[in-house]
Every structure is written in structure tokens, then in C-alpha cells.
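Should a chain be cited, it is by its letter among A, B, C and D, assigned in written order, with residues numbered from 1 in that chain.
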Amino acid sequence: MAEAVKWQPLARDALAARVAQDIPEGWSVNLGIGIPTLVGNYVPPEREVVFHSENGILGMGPAPASDKINRWLVNASSQYVTLVPGASYMSHSDSFALVRGGHLDLCVLGAFQVAENGDLANWARSEDDNAPAIGGAMDLAAGAKRIWIVMEHTTRNGEPRLLKRCTYPLTAAGCVKRVYTELAVLDVTERGFAVIDMVPGMTIEALQERTEGKLHR
Amino acid sequence: MIDKFVRSVAEALDGIKDGSTVLIAGFAQVGEPRALIDGLIEQGAKDLVVVHNTAGRGREGVARLIGEGRVRKILCSFARSRGSVIFEEVFARGEIELEILGQGTMAERIRAGAAGIPAFYTATGAGTKLAEGKEARIFDGREYILEHAIYGDVALVEAWRADRWGNLVYRDAGRNFNPVMAAAAKLTIAQTQHVAELGELSPEEIATPGIYVNRLVHIDAGDPPLKTG
Amino acid sequence: MAEAVKWQPLARDALAARVAQDIPEGWSVNLGIGIPTLVGNYVPPEREVVFHSENGILGMGPAPASDKINRWLVNASSQYVTLVPGASYMSHSDSFALVRGGHLDLCVLGAFQVAENGDLANWARSEDDNAPAIGGAMDLAAGAKRIWIVMEHTTRNGEPRLLKRCTYPLTAAGCVKRVYTELAVLDVTERGFAVIDMVPGMTIEALQERTEGKLHR
Amino acid sequence: MIDKFVRSVAEALDGIKDGSTVLIAGFAQVGEPRALIDGLIEQGAKDLVVVHNTAGRGREGVARLIGEGRVRKILCSFARSRGSVIFEEVFARGEIELEILGQGTMAERIRAGAAGIPAFYTATGAGTKLAEGKEARIFDGREYILEHAIYGDVALVEAWRADRWGNLVYRDAGRNFNPVMAAAAKLTIAQTQHVAELGELSPEEIATPGIYVNRLVHIDAGDPPLKTG
């Protein structure tokens, strides 16, 4: 890449905050492991968003102070959390009925790869991975009303992760609605990836260089 | 008088046979019936099929059961994951069979076993590697796959409070897989942190009615272990 | 019938009491509409039997005194009931998951006809009944571990109701384990109806005259 | 701030379209959202598909909705039954379509609609007249039939207490079809006898989490009518 870098990629927390900005009051939201979990920290407390955790919590609050830990209250990432007023508990079967029945307004997940047709790959880096960790990802990807992905725009080696077709095993086909990376926000549309936001200084051309799928305005 | 309490873990686990399918509740060690799992290790049944959210972490509990070569097959949503060292060794040696499944599909298959539903269609996993070998079918333009019920011979669960009929109440996120697993086995065994008088648990708050529970043992296990990092 | 009647048929309540006699402590039991409902009155209070009602009650007690009625507490027959200590409420879906999953030890139902292969007909008296009342009968008949039937041995016209094959539409095939009538108690076995009890003075021959299915000892 | 309370029944029912599938909860008049049913009669939507345990009894509620010719089709477990006079008249005139189904199959089909399951197998009804036209299949030597999910456009439910998020608690046998129907519709409308502050309902006792509820109206309806005989 000959061009001079004129932009600053978003740091993890800034990226989480960028996602949080787009979540409206009243939505019920599940946050996956990793950067998605941080998103909850950036939804202002006066904006009521209801956070769900697959292990049977609806109305999850932030992490407790270290001297206020309730060891019986963990989220799906095994982290200690709190409840907000209005919260409720449910069993795993009821919790996943909620997920699979299309009742979550949004699920924010991480990804290895996303394709321009909305295919998501986030559980295995190889067809030969015969003992992977799936957790609730397939249920969430197939079940939530909207899937937003937070991911790095490219691999550490600079290979694109926003592809024409995923090369890793799919989590779910055609489920992704929007992708947030450290460089841009893209919607998955019938025509492919539509760029709806970029970090200051970024150009479509520079973004396209880092993206295998075709970008549109 | 109905009194499902027994005096020891050994008595609670008496008679579990080799080859049994054992549903083991708990999520991230919360609501996990550790005394019963340890008791099952003591009890000696082998060739087990275990259904649990993970393939075990660390060296205790389900991991130890696997490490001792007692599990022929495990059904779980997290196989290789942080701390799954024992499973990975045993699996690498080809000494355990693995059925990996989405966590919601796992919960729903168990619920189906509890509810008299031999099979159902779900969108989870459709079009993925996990759909291989499964019947696919289109409903209303969307692809679903057929998943079959999981039936437990035994379920091991942990309650917060229990009365002598086997009515159970859970604590916070300790509910998780407990109610659905309790309902899906021929022999459901619960360890409970506290004992309630009959009639003390509110009819509105009982999460597992006693009809699903066969044996109870009082184990004041205390809080789940503290997670660090 | 030339023979002199030497027996006394059981009255409704005596029949209900006869059924109750066979229900052991610890069973979970659902009682259908009619005589089955009366069975609960004859289980001695010190024998703990857990009564279920399809509308979401486990641990149902007897009818309340008329000045103690709770209008929010009815059974599946729309009668006011009470709770016993240890009772719990559940939704209709959880209640029928319990029924259909084979968790009830026993369901006692009424019947129009029972066949010697265990077929049950208790919801419609004609193939042409196009607007019948089914309620939970099909679920109970297909789901409970044991189905016991309480019924009149013959129709009012003396036609048999314990048949070789049912002529009315089935509720469920092959589900009946035992039949209690005002004249006898019969088990449904692989060989047909096995007589396990008769009212005093009744003979197998006289009972067979009133029964189309073949009787065995 | 999330606040699902509206000020009137009319506002709660606003926008229900002709042709909607309406799930109406309640059993033996207990937990039946009578103010909402009356409001639906006022509101005027027609050509409705109604899912309710009975085809209406007496002359009020669901019976009246049917009597006013607003119901194209009813799905119920009790069609002809004590007091179903209006339904029987309308049915005899061929002016309403009937789908009769076992009460448990009805509950499970609604639950399937709520849980993302387009179809499932059940033993209920297998080998009977109600299996006609349905796919049959043997699992483990027993015959089951395929039943399809019921999806509501609208659900009408009655709660005992509700908070502004739509968390619902029911009273005694007033729970019945309410939780499962609340979860299975695109637009779930609840009338509640009492209003609770957010956080006042115990997280352990909430039977319908607010995620399933869209609109709430406070109706102090009092006890269900007294049954006589």
C-alpha cells in the first residue's frame, strides 16, 4: 500500500461505543463474547436497553464492584454481572425459546468472516475443527431479528475478512445485517456491502483495498 | 408421606447403570451439582453418555469423570474451550465420542424429551456443517433441520431450596439447565443447598415441580467458586 | 336374561371409592370430568397423592367450603378447588408438556367405549360429529403412564361398551390399562379383558353377557 | 424510558387489522382478558382467526365476537360444549370455519410459534380422526403426527400485576394460556389488574418477561364471575 495512512482506526472501546450509539431505547439486546460485551458499557444509563444473557437473564446490568460480587450471577461469558430493576430469570430452555423465536431486537456478535450475502463464520477456522466451541452463537445468529457484527476489518496479516463468500464453516447463512469494524460501518444489502460510515480520513478506495466483497455507497 | 430426601450422596446415586445417559446441569459452575458429579465418580458407573454444556473445564467435576475414562460420549455446546485440557487429551486419544450442538438446540432437544416430542424442526444450524446428515425442510420459504429429543436416564441438578415432594427453587443464574434437565430424565436427582418445609415454597415461584424429582439430598455446598479473570 | 339378579351394582360414589383404593401414595394423578373427579374424595388424606389439573395446577385439593371460594382457582372441569401444601402453578404449555411427556403416573377418564386392545373412545359418539369437545382428553390418553377408565358397563339400553373394537371415533389407540365399571374391574391385557374384581354375586358368565370383548380370568 | 402503558382499551387495540390471527387467553373465564375482548368487538376488525380454548360460552366475550360475525375461523379444544349456543348457531349456518384440536396440541403449537419451531411431532391424536391429512411418522416404534406452529398477529392476555416494561405476574389458575400466548404474537396486549413499580416484581416470579409484551392497559376487572353449578 503506497498511500500514506491518513486515518486512525477505532480502538476497542471506541468501536464498542460506536455500536452503542446505534442502539435505540427499548430494544432487547444480546451481546456476544469479546468487544460486543463492551457495548453495554457505552449505552447511556438513561437510555433503557434490556440486555439478555443466554443463561437465563433478561435485564442484565454492568459488572459489579469487586466487593459486591454475587457468585450466582454470571453472564454467558462467565463474567459477574448485576441485575437492573425489571430484570427476570428464566431457564435455559425458556431463554433459548426467546432467542430462537425471534424476540431479540438485536444480537451483537464477533466474527472471523462475513460475506456480502450476509453469511457469518464465527465458530471454527477450519472445516477440520472437529471439537469446536459453538455455545449459543448458531441459535443467536439464526434467531435474533438483527445480527450486527463487530470485527477487525482484516486479519493480522492484512487479509480481508469481509468476503464475497466465507471460507470458514458457517454459523448461519445470510443472517448479518450490519458490520462494525475499526475502519467503517457497513450494511449488508441485496447489492452487497454498503458503506454507511467510515473513520475520518478513510476513503472508499482505501477501504475497498482491505475488503474482498464489493463496496457500495 | 412422600419424602424424597435420602441421607447421602451415595444413596442418591444408587443403582445408576453402566451405559446410562446422564444429564448434568449447571452453567459456568453456577447451579452445577458438584457433589452429585463427585458422587457419580465414586459410584462407578461407566460407558456413560453425558449431556452437559461443556466438555469439562479444569481437572474436577465433569472433566474428572471424562479423565477417568467413564464417558463414552459427550453432547455439549463447548468442546474445546478454555480449560478443556482433559477432554482434549482423551479426545485426541480417540477415547471419547463427541456430539457438538448449539446450546439452544441442546436445551430444546432436552425440552422435547421432557415434553413428549420425539423430533422438531429448527432454523439453528440450517445450512451449516452441523446440518450434515440431518433432514432439511422448507417451511414458509426458510430452511429448517430436524432435531431429535434427548432423553436422560438420569439427571443431576442443583437447587437452592427444596421440599420433601421435590419442589425446587433455584438461585439467580443457577436456574439455567436445571429445570429442563430435571424434567427430561427417568431418574432425577437433586442436591439442594437448603431444605424447605412442605408448603413453604410459593406455588408461584416453584420452578421445578416435585413430579420431576425422584431423589433429594441436602448439600450445603455454599457459593460457586470465585472466578478470577 | 333369565337369571335372577344376585348382585348389586356399585353406585357412583362407591365406584369412585373403588378406584381410589388402588391409587398408591406418591402417584401424580389427573382426574377427568364426571365420576373420575369424585375419586379424589376417596383417597384418604394421610395417603399423599398429587392431583394435577390441565389448566396449570399440580397439588390440587378438594372443593372449598362455599364461603371460602377463590374465584381464581378452578380445575379443568371449571369447578372451584383448593391447593394443598406443596402445590405449584404452571402455564398451559408447561402443564401439557408434563402430560404429554409421560410424567403423570395415572389419568382416570370416563369413556363411551373401550376395546379389548385398549382403544379408547370418549369424545364423540359419531364420525359425523364435526364440532366436538375434546379438551385435554387426547393429550392425557396419549401421554399419561397409565390410563384407567371409569364407565358404565353397558349403555342405558343394555348394549355393551366393552367391545372387541370401538365403533365411535378414537381418543387414542391402545392406551387403556384398566377399566372400572359398576360391575367389575378389568385389566386390558394382550389376551383381552382380564377380570380382576367383580361385585359380590357377579359371575364371569353374567359379566360376559354384558361384554362384547372376550373376558379372561 | 420504556413505558408500555397506554391510557385506554381503544388505544391498546389500535391498528388491529382485518384478517388478523388473534390469540385470546383465559380458561373457564379465569385469566380471560374480557375488557380487551370487549374492546376488540368495539374496535371493529373482522375476518379474524381466533385461537381460544373454547368457541365461546354464553352471550358475552368470544361468543359475542363470533355472534357479530367477526370471526372467519376459530381454533379451539371445546367447540360444542355447555353454553356454546352462539357458536353453534353460526356454525350451523356455515358462517364460521372450525379447527378442533387437543388442548395440549393447541398449547404446544402456540409454544412452537413462540420458540421458532415451525413444526413438531406429537403422539396426541395419532391414529384418530384428528390425524387425517396430517403426516404420520414412527419414532422408536410409536406413531406420531406432525403439527405446525400457530403464530399470532395479536395476543390478548390478562395479568394480575404488571410493570411498565411489560413484566407480568398472574394470579393462581389465571396463568393458563397467558404466558404462552403472550410469547407467540407480533403484538401482545395485556390488561392488568394491578400496576407494579419497575423492580417491584421479583425476578424469580415474573412469568412473562416484558420482552413479550407490547402494550399494557390497567383494568381493575376484579374477580372472575362466580360459577354457579
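As a working rule, a contact is a pair of C-beta atoms (placed from the backbone, for glycine too) under 8 Å apart; a residue touches a chain by one contact, two chains touch by 3 or more.
Nothing here was measured: the structure is a model prediction, and the numbers come from that model.
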Subunit A to subunit C, fewest steps along touching chains: 2
Identity of the chain that, by mean CA position, is farthest from subunit A: C
Of A-D and A-B, whichever chain pair has more C-beta contact pairs: A-B
Geometric centre distance via CA averages, subunit D-subunit A, whole Å: 35
Inter-centroid spacing, subunit D versus subunit C (mean Cα positions, whole Å): 29
Mean-CA-position distance for subunit D and subunit B (Å): 33
Residues within subunit A bordering two or more other chains: 89-90, 97, 100, 142-143
Residues within subunit D bordering two or more other chains: 108, 111, 115-117, 122-124, 172, 204, 207
Contacting chain pairs - touch in the sense defined above: A-B, A-D, B-C, B-D, C-D
Subunit B contact footprint on subunit C (complex, rising order): 25-26, 28, 46, 48, 50, 52, 58-59, 83, 85-90, 97-98, 100-104, 142-143
Subunit D partner contacts - residues on subunit B that touch it in the complex: 108, 112, 115-124, 139-140, 142, 144, 148, 169, 202-205, 207
Subunit B-touching residues of subunit A, taken from the complex the two chains share: 53-57, 69-75, 78-80, 89-93, 95-97, 99-100, 124, 127, 129-139, 142-143, 169-173
Touch list for subunit B against partner subunit C, complex: 1-2, 111, 113-117, 163, 165, 167, 183-184, 198-199, 201, 203-204, 206, 209-212
Subunit A partner contacts - residues on subunit B that touch it in the complex: 27-28, 30-31, 55, 77-81, 87-88, 91, 98, 100-105, 107-108, 110-111, 122-130, 170-180, 207, 223-227
